[in-house]
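In the two complexes that follow, subunit A is the common piece, with subunit B as its partner first and subunit C second.
Showing the complex of A and B:
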């Protein structure tokens, strides 16, 4: 029973972080039609910035907010420097077909990922370093019993819940959020009704960058920080986004928690070595049974 | 090339062998992505299939590598068939992401089935020594030079097949799928079936490359990391994703880049940290610049703008 509870709580806390990663992927997919494989590279980079600040004596929260800001700025810069020029090149023969239009931004994002990882290796050495948590990582004791969850788990879950509420309010209640949803729905029509679609695109990159940096800050205390540590997180986040529906923010959150549970239960009841294979199995299962994902809309894009 | 090979020292002979071997792998990307428009990040995993097949056949069944390698190409082709059946339903980022998950998941099998694949330790194999008749005619080659002699006929064969298949009926169908699936199917191309075929062909190239790559000394998870798939893709894009000469140019760039950087920066006192990561930083930046500024790559300057 205790193992079950431990797996459940670890799955919830991990799942919350995967939900953030998947949400970041979904926001860029809706805003720009690109799956950003560099996303966790950006998160890794901004977490290193926070780590450097904190080791040099800054407060945890200074590092925390600087990292979020750096993540947002990096996302916006990547869109302006790489992705926007790329989408303006659609007229060239290489990019004229639909399949290559989908493939080339993915290649660009892989290049960005490689560059960020190499740069982090040069700047901050390749060996792993720890990253501090703002709350205790020992099991909480309630009435003398050590519970299977930590105060850091509670911190993670509440931060993610807060972020999801703010994001939902942003998309539903603000005019900028409305403009972004309109752009996601139909770029031409949005443009015709006076929305500057280039700006909403860049904004979606920035929001996604901040969300994934938050994920980086929340996951590194339990894993360690090195240029490659977040690669697995990206894979899980991608699978979560596909499971939930690549164009559905609510689906991304759902997918994140499903993946969190799958990974946690495989780790607790089977062996951690099977985690990759179970992720692959979940991904293939969804792609075969319901390619558009649990909450994905029907014909936004053929899979 | 053999003349070149004989003039080089052992290190450069080994590098030349790597160029020949990876060229075959890069061709697999050129065929899959450049010709038929399917982006796969799992080519490294298919190379691993080829490498492990060869190693197991040589170690457990005492086969000569000239028998083991063709059998490994078949086994990689079968892996490609399975991948193709799954991939025929997918496109664009879905395919890229799924193949990336596969590339990460396959190497963990080495630890899962410890008794067969020997985990992280891997299976030691090598190209062995040339047969007596070879040494009698050409003289006793060094180990590195023998690697080149083994890789060369396979690379030539791969080059021959690749250039012919691109001009064949299949090549035309694959280009049609890349350019417009709907139009292709209206012209009688069964695109699901053709996608599976192109995956089989591409996987066979990758398997051959992986078999030779492992025969340099070791077949193990560390020999076929995910970054290997990205290296192949980088080489194919830098050289020119649609052309065979581009595949060769890209391979040369990717293999020799670390040496060139060391030559240029050798006078500066660089820390180990910088010199370890500089090649991958520069090749990543080259990849981004190529995609943004000249997506046709070094060899593909003939691409013209559409009206």
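Showing the complex of A and C:
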């Protein structure tokens, strides 16, 4: 029973982080039609910024919010400086096929990931360092019994839950949220309605950047920080997004929790070595039974 | 007045509009008719900024709008309802309508709701269905929704692309009637593109006949309607 609870809790808190990563990917995919592989590179970079601030004596929360802001700023800059010019039709007219043209920004995002990792290696040395947690990482004790979850787990779950609620309310209830959804769903009608689609797209890059930075801040206390540590998180987060349906924010969250549970239960009841095999199994299963993902809409291109 | 001078729009090497010139009078309905591929939709898309003209000029009330972005052209009072009931199926009716007035929410705060209420008054069926997703509406309702979305931006010029496409004759009549009433009572200028020439000429003040990207006739609607030769040569009936 204790093992089960431990697996459940660790699954929820990991799942929450994967949900954030997947959500970040989905927001950019819907807003700009690009799978942003640089996302966790941005997160790694902003976590390093937080780490530098904190080791130099800043308060944890100063580092935390500076990192979120840096993540958002990096996302916005990436769109304005790289993605918008690359997606501009006129300049890529040489590439005649539509799929080639769509691939260019994705390949650019891989290049940016490499550049960010190299730059982080130069700036902060390529060795692992720890990253502090704002809450205790020891089993919580209730009435003398040590529970199978930590205060940090609870912190992670509540922060992610709060983020998801705020994001949902923002998209559903605000004018800017409506403008962003309209842009994501039909750019032409959005433009004809007077929505400045370039700006809303940049905003989706910024929100995605902040969400993935948050994921970086929440996962590094348990995984340590190095230029490459977040690669695995991106792989799992991307799988979560595909499993949930790449164009569905709710699906991204669902996919994140499913993978968190799978990873956690395999680790607790089997061996950690089978984790990747099980992720692959989940991915294959979903792609065979429901290629558009659990909550994906019909017209998404089949894998 | 909307004035179009020597407008040329190309898609690669294909010339869709080949030196089009005409003007549309304020508070009147001008219809652009012609066969499939005559360049009617391209004309509207070039006016609203969705396509880029390679030559020529478009002026609205004396200001040139050529080279401007669609988002800015809407702000100048020109609303475009593109072909094919252009609504966003995944959004609710309410959201589709209010989308058209998002850019006015700061400057004209008090008028935004008034404009939305007026749209519901014009098409009461939308009010009944306002919580439904636009994708669940019938073709006619979707066209009404697309027009409402355009109207809440408070346009002075409405560009309507084939509102009759795929709709039952009775629904077409209802929609055309609403647009006609709007033009006569509020002084809205309408540029109506139609393949269904008879319907369009029946309601319009002025008609422009396009063929292969060129203007072949530019006359009062009644005159165009009566010209059997033109009809036979260009519209095939």
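Methods note: the second predicted complex is superposed on the first by the 292 of 303 C-alpha atoms of A that agree within 3 Å, B and C clash if a C-alpha of one lies under 4 Å from a C-alpha of the other, contacts with A are read in each partner's own complex, and residues count from 1 in each chain.
As a convention for this text, a contact is a pair of C-beta atoms (placed from the backbone, for glycine too) under 8 Å apart; a residue touches a chain by one contact, two chains touch by 3 or more.
Predicted model only: the values in this text are computed from it and were never measured.
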Check your understanding: Where does A:104 make contact in the superposed view: on subunit B (first), on subunit C (second), on both, or on neither?
Key -> first
Review point. So, does A:190 touch the first partner subunit B, the second partner subunit C, both, or neither?
Key: second
Exercise for review: Report for A:175: first if it touches subunit B alone, second if subunit C alone, otherwise both or neither.
Suggested key: second
Review point. Which partner, once the models are overlaid, touches more of subunit A's residues, subunit C or subunit B?
Key: B
Practice item. Mind working out whether A:162 is in touch with subunit B, subunit C, both or neither, as first, second, both or neither? Key: neither
Check your understanding: With the two structures laid over each other on chain A, which partner does A:5 touch: subunit B (first), subunit C (second), both, or neither?
Key -> neither
Practice item. Answer with first, second, both or neither: which of subunit B and subunit C does A:285 touch in the superposed model? Key: neither
Check your understanding: Between subunit B and subunit C, which residues of subunit A are contacted by each of them?
Key -> none
Study note, to complete from the structure: Per the touch rule, the subunit A residues reaching subunit C in their complex are 175, 178-179, 181-182, 185-186, 188-197, 297
Point to revise | Partner subunit A, residues of subunit C touching it in the complex | key: 48-50, 69-71, 74-75, 79-80, 82, 86-88, 90-91, 95, 98-100, 102-105, 149-150, 153
Point to revise | subunit A residues within the subunit B interface of the complex | key: 29, 34-35, 37, 82, 85-86, 89, 91-100, 102-104, 106-108, 110-115, 117-119, 121-122, 125-126, 231-232, 235, 238-239, 242, 246, 273-274, 276-277, 279-280, 283-284, 287-288, 291, 302-303
Practice item. Would you tell me which residues of subunit B are touching subunit A in their complex? Key: 33, 37-39, 41, 86, 89-94, 96-98, 100-102, 104-105, 108-109, 111-112, 177-181, 226, 230, 233-234, 237, 241-242, 273-274, 276-278, 280-281, 283-285, 287-288, 291-292, 295-296, 300, 303-306
